[in-house]
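Next up: the structures, one after another.
The following pair of complexes shares a single chain, chain A, combined with chain B in the former and chain C in the latter.
Now for the complex of A and B:
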């Protein structure tokens, strides 16, 4: 984002001056540094890495990861979580693909209905969570349950059968280029920019973060908590829907298992990027870069000829690392807050 | 205790200094605690009390100076060592496991020490009972701690300390969040334990209490001893305050304001009830008036305020604002439609977004008002508003970009007040506006409340601090047992007023106040 928290970090060096400083000062810039180093390493190891085809594949994977990460980031920022990002994506992918394939609906209306279905899913999540008091636990339980509901709907409708008959003009969204830039990436970056704007320049963005920062205080400040929870979950669901719609375009088929593997990296991307797990602080640019790093890592594994089965293992480790980074960041912040307070009080 | 004075002090700190980067928190501070003594440790916020306590309890090690326990030099390198030496601290924040029973909490160390041994419940209850008796509590050891009142929990903490064989107890603001009746109970307990040879260091902001309980006083000011340890008998209220603040206390009391008979009634409440505030309450508030709500903790003041600010819905009764009957459905209603702002007593948990910058906190209630026609807000507008309140309220910070969590308590409270003021309310409800705040900031906040009323706002001040109420407000409502038990026009004469208030509080006489 957005809020100038980085510049407010105390200028004094902390204890442990040398080790893992990049983690503790982790911001968009340092992730960018890692991305550059990682890319340099990969291009040195594999000459296939820096080819147009490969970079296109990376861009496609990055786009989906970024959108899913942003879908999760919005909810995390409000102090909750959305375990149903993948299930919503799966349902929306099937609806959109199914409408084009078996109903022969025009692309525009298929997408529109897909997004509407997704928003309704988000609204459903939001309604339940607002009812349950908008706490972190309520969002965990509610979306855990609804993810099964949405997935069940998906599989029930399709009998787990994919839709293959996708119009070529639709697949352009996933595989096309405009002046050499992948369309899918253009859409993703535009959406990210819009979201960044929401968090930086709108009351809505502030309200979402206020909820995550201190729910009770938000309520006492006259923020309409229930309404904000609803909107947050609708935004999250719409982002997941867009991810699914683009993924269908990329795969040129609507698979019922779209979204099955989203949950893990939906958390990884924002956490790597500096979004606070407990809410109240998000970083759109960080999440986008986190997604890029994740896309590069999985691409790198292919180039390093690593067994695909190890990917699951590595993804898990990345999440653990991301959670640790989040924890380190929080502890460090608290320490510096304590220190500043003490100094002030003593002064 | 006179004979104890002559023997070796149980605890002696000699010439303690402690620095943190940029500041000298303690400078050559000494403290002597005799056996069976209650030593009051006093000073404004930031005078160094907390640092000194942390040194005694092994959280910090001093840069210079020595600690003598029963005349022997000793150094603590971690917080466990003092406990084994019989030094225990009872903090303001409770240190109990809420879901455990009283007995389990008191003997927590015993039951958690061995992972794989059976716990003999009957023995546990029996042993715990002994400590419960020592602190004079009347609860069963099988009671769940959750169900106890704040004062009872405080006594359980003392019992817990006693179970680890504490000889020296540090009580850090023990009565800050408990009712008067419970505070008296606690004071009785301290006296009882004192007779049994336990020594106390008693940190409190409440002067009345200090005179009631302590035998001597050590005052810190700006990290130094403000003077030698003195017997409480040699001091009075004024001399103690001037020792703390280091300057002659200017009479804080505000002049008496003649309320005009015909001044507009901005708020009129009749037979109001809610689920939490279940007894009917009626009162009215005039334009430019400061109305004080005095009462014991839990007497129904905050509950009434919550109805007026739209947090809890009213179940029956009427609210009239400027003569019009209204229904307050939400906090947003109260703030935007009816111009009622509430400044919470609990700034950390309810009043502020600690991790967000000042400007963000100040503008949190008015985001919908300051956005432009494209539904966007500019950070500059927010910053401008925050800057305005920063200078108005003299919030001490280099920048409004500062994270609120980094500010001192007094400045945090000012930000919380700024957040309420930013909505430009007509009626302000301050809930315990100066709890845990240093004397100087307290005076500033009083002046601010006074000025607000002068400018035509109506203010309700909820406070358990009698001097505050008497110095500041025009009229006092006394709350007792969920009811408004009396109304007093304040003539600001402390002796007369405090007696009148006490009479209303004591009421039928079922509560004894010493």
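Now for the complex of A and C:
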């Protein structure tokens, strides 16, 4: 992404070549291209694809995927990972739904308490990870254990029984429209914009990325590692909580198995979008577009009458494809850097 | 002098898992009914057998500082393959088992090859593969289970030798085999060297790429074996086999004293780690705790294991 500013400097004849290279290297644009092509293909093959109902369904699926992807992206950016996004989502969905159903609490307070419970989960994650040394491995292991703790709390509270009695005004969040635009999508895009702002313009965003770039360097340059890890995991947990709250509104019931299948696409969306798995580099717009692509693919599989049993296989292959593309890009970058260095040394 | 310190540490780390086992067993014997009944001990032994083989499968990848997140899927794949071979194609039991283990080995080898050849982060490769492998098993079997298995095969899950379940003996045998490989052969030393410091191992002439592929193949073989034994225990091959293995696969070795950072493994500790976990869950059953809470306890056990790992690392740091 830093290529264009540098490369656009030279004389006019270069511009053509450079702008093509820029498109090729810009993740968001190439994903956008794939999305447009894919949508065109789908609308040509299936008459039902470009209907208002179907696009609404795609928008709903996209919103949840995007929020879950962003929840993972924040932690990946800090050089860690959060395997408990799904378990946090499940617990928050149950708490919010349960408060409205069996306690009859007002919508606002139910959501508020749900988000607070989610943040506490994130805080718990962060505390344990910081205690284990704040490395990538420790975040993997810690969240593997805590996801079991959160899922256990969820199942223990509910005995695996869902809450169905959800107020109609609450379900508006998931199924309503404002001037033709799904509410769920408006909320998601607003949150994504806020997150983009945090990463682009605030010290906090830079600190999170610095942690992912090089933990030791970040510590030596005065970043409070423990504090940043805590904040990162709280942000991640809050994003997962919002995803769960909106999913409950969309399903019009709080199911204990919410979040069970989030893990794979939580990694897929940011990785497709050009977030570096090792940390230090994130792309909010890329993750959002990655989520849109994932939502379109799973919607497309339905329209193409593809065997539902192949779904798990295809999801795995999508991740492999995404990381392979990322790997090719890294290798190519390293190669061109090496060539530049050699040329410089030769000169 | 340094040898004495090391010996003390070894004693201490086994004590870290054996003492809780004794303590909890005593408590359960006095507080709960039916802990020491043959029926309960048998079911404990069967659980321990599967868990410890799953733990050893993870222990192998931990020993080179990597993970195998796909071991559950490998177990499910092998279980379904075995079910199909026995029920649909009428393959003799022994051949079916051998083909099953070979399939697990092959899956592990593919995983190792992908890690070595592509240079993509091993974590994401095993995560994606776990979905790919389970996806193939799901799509090919269309989500259905195999129930009509030959009696000779089901016998494996019911057979006793000197009153000890055959499955448990197989697990002990596997543990001895892994122990010999890790501690008595050049291969084991090369594996541990790779885990302790991959770069240093490479510079001292170890073919680390080959080691990584071998370790993942062995890990796949054990995951496949665990899948086969689970089929023998249940009497049917189902896709749900292996779904809940990931957590225990880490907990058993870490409880037993394996360092998460690689380069140090305790094979028999893994067996004891599996026993400790099985006893805790068994205890929860005996004191009538709602089974929906078990997931929570498993997570807490794993967190406690990490805390032990941390203390052990600190002690080792002082020891050196």
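Note that the second predicted complex is superposed on the first by the 316 of 347 C-alpha atoms of A that agree within 3 Å, B and C clash if a C-alpha of one lies under 4 Å from a C-alpha of the other, contacts with A are read in each partner's own complex, and residues count from 1 in each chain.
Everything below uses one rule, namely that a contact is a pair of C-beta atoms (placed from the backbone, for glycine too) under 8 Å apart; a residue touches a chain by one contact, two chains touch by 3 or more.
Since the model is a prediction, treat every value here as computed from it, not as a measurement.
Novice: With both complexes overlaid on chain A, does A:128 touch chain B (first), chain C (second), both or neither?
Specialist: Second partner only.
Novice: Once the shared chain is lined up, is A:257 touching chain B (first), chain C (second), both, or neither of them?
Specialist: In the superposition, A:257 contacts neither chain B nor chain C.
Novice: A:141 in the overlay: touching chain B, chain C, both, or neither? Say first, second, both or neither.
Specialist: second
Novice: Just to be sure I read the superposition right, which of the two partners does A:271 touch: chain B = first, chain C = second, or both, or neither?
Specialist: In the superposed model, A:271 contacts chain C only, not chain B.
Novice: Residues of chain A touching chain B in their complex?
Specialist: 3-5, 7-8, 12, 197, 200-203, 206-207, 209-210, 213-214, 216-224, 276, 280-281, 333, 336-337, 339-347
Novice: Mind pulling up the chain C residues that touch chain A in the complex?
Specialist: Listed in rising order, the residues are 67, 118-121, 123-125, 127-136, 138-139, 142-143, 246-247, 250, 260-261, 290, 292-300, 302-303, 306, 310.
Novice: Please output the residues of chain A touching chain C within their complex, sorted ascending.
Specialist: 81, 128, 131-132, 137, 140-142, 144-153, 155-156, 158-160, 263-264, 267, 271, 277-278, 307, 309-317, 319-320, 323-324, 327, 331
Novice: Which stretch or stretches of chain B touch chain A in the complex?
Specialist: Residues of chain B touching chain A: 20-25, 45-46, 48, 50-51, 223, 309, 311, 330-332, 334-336, 342, 344, 349-357, 360, 363-365, 367-368, 371, 375-379, 396, 401-403, 405-409, 411, 419, 423.
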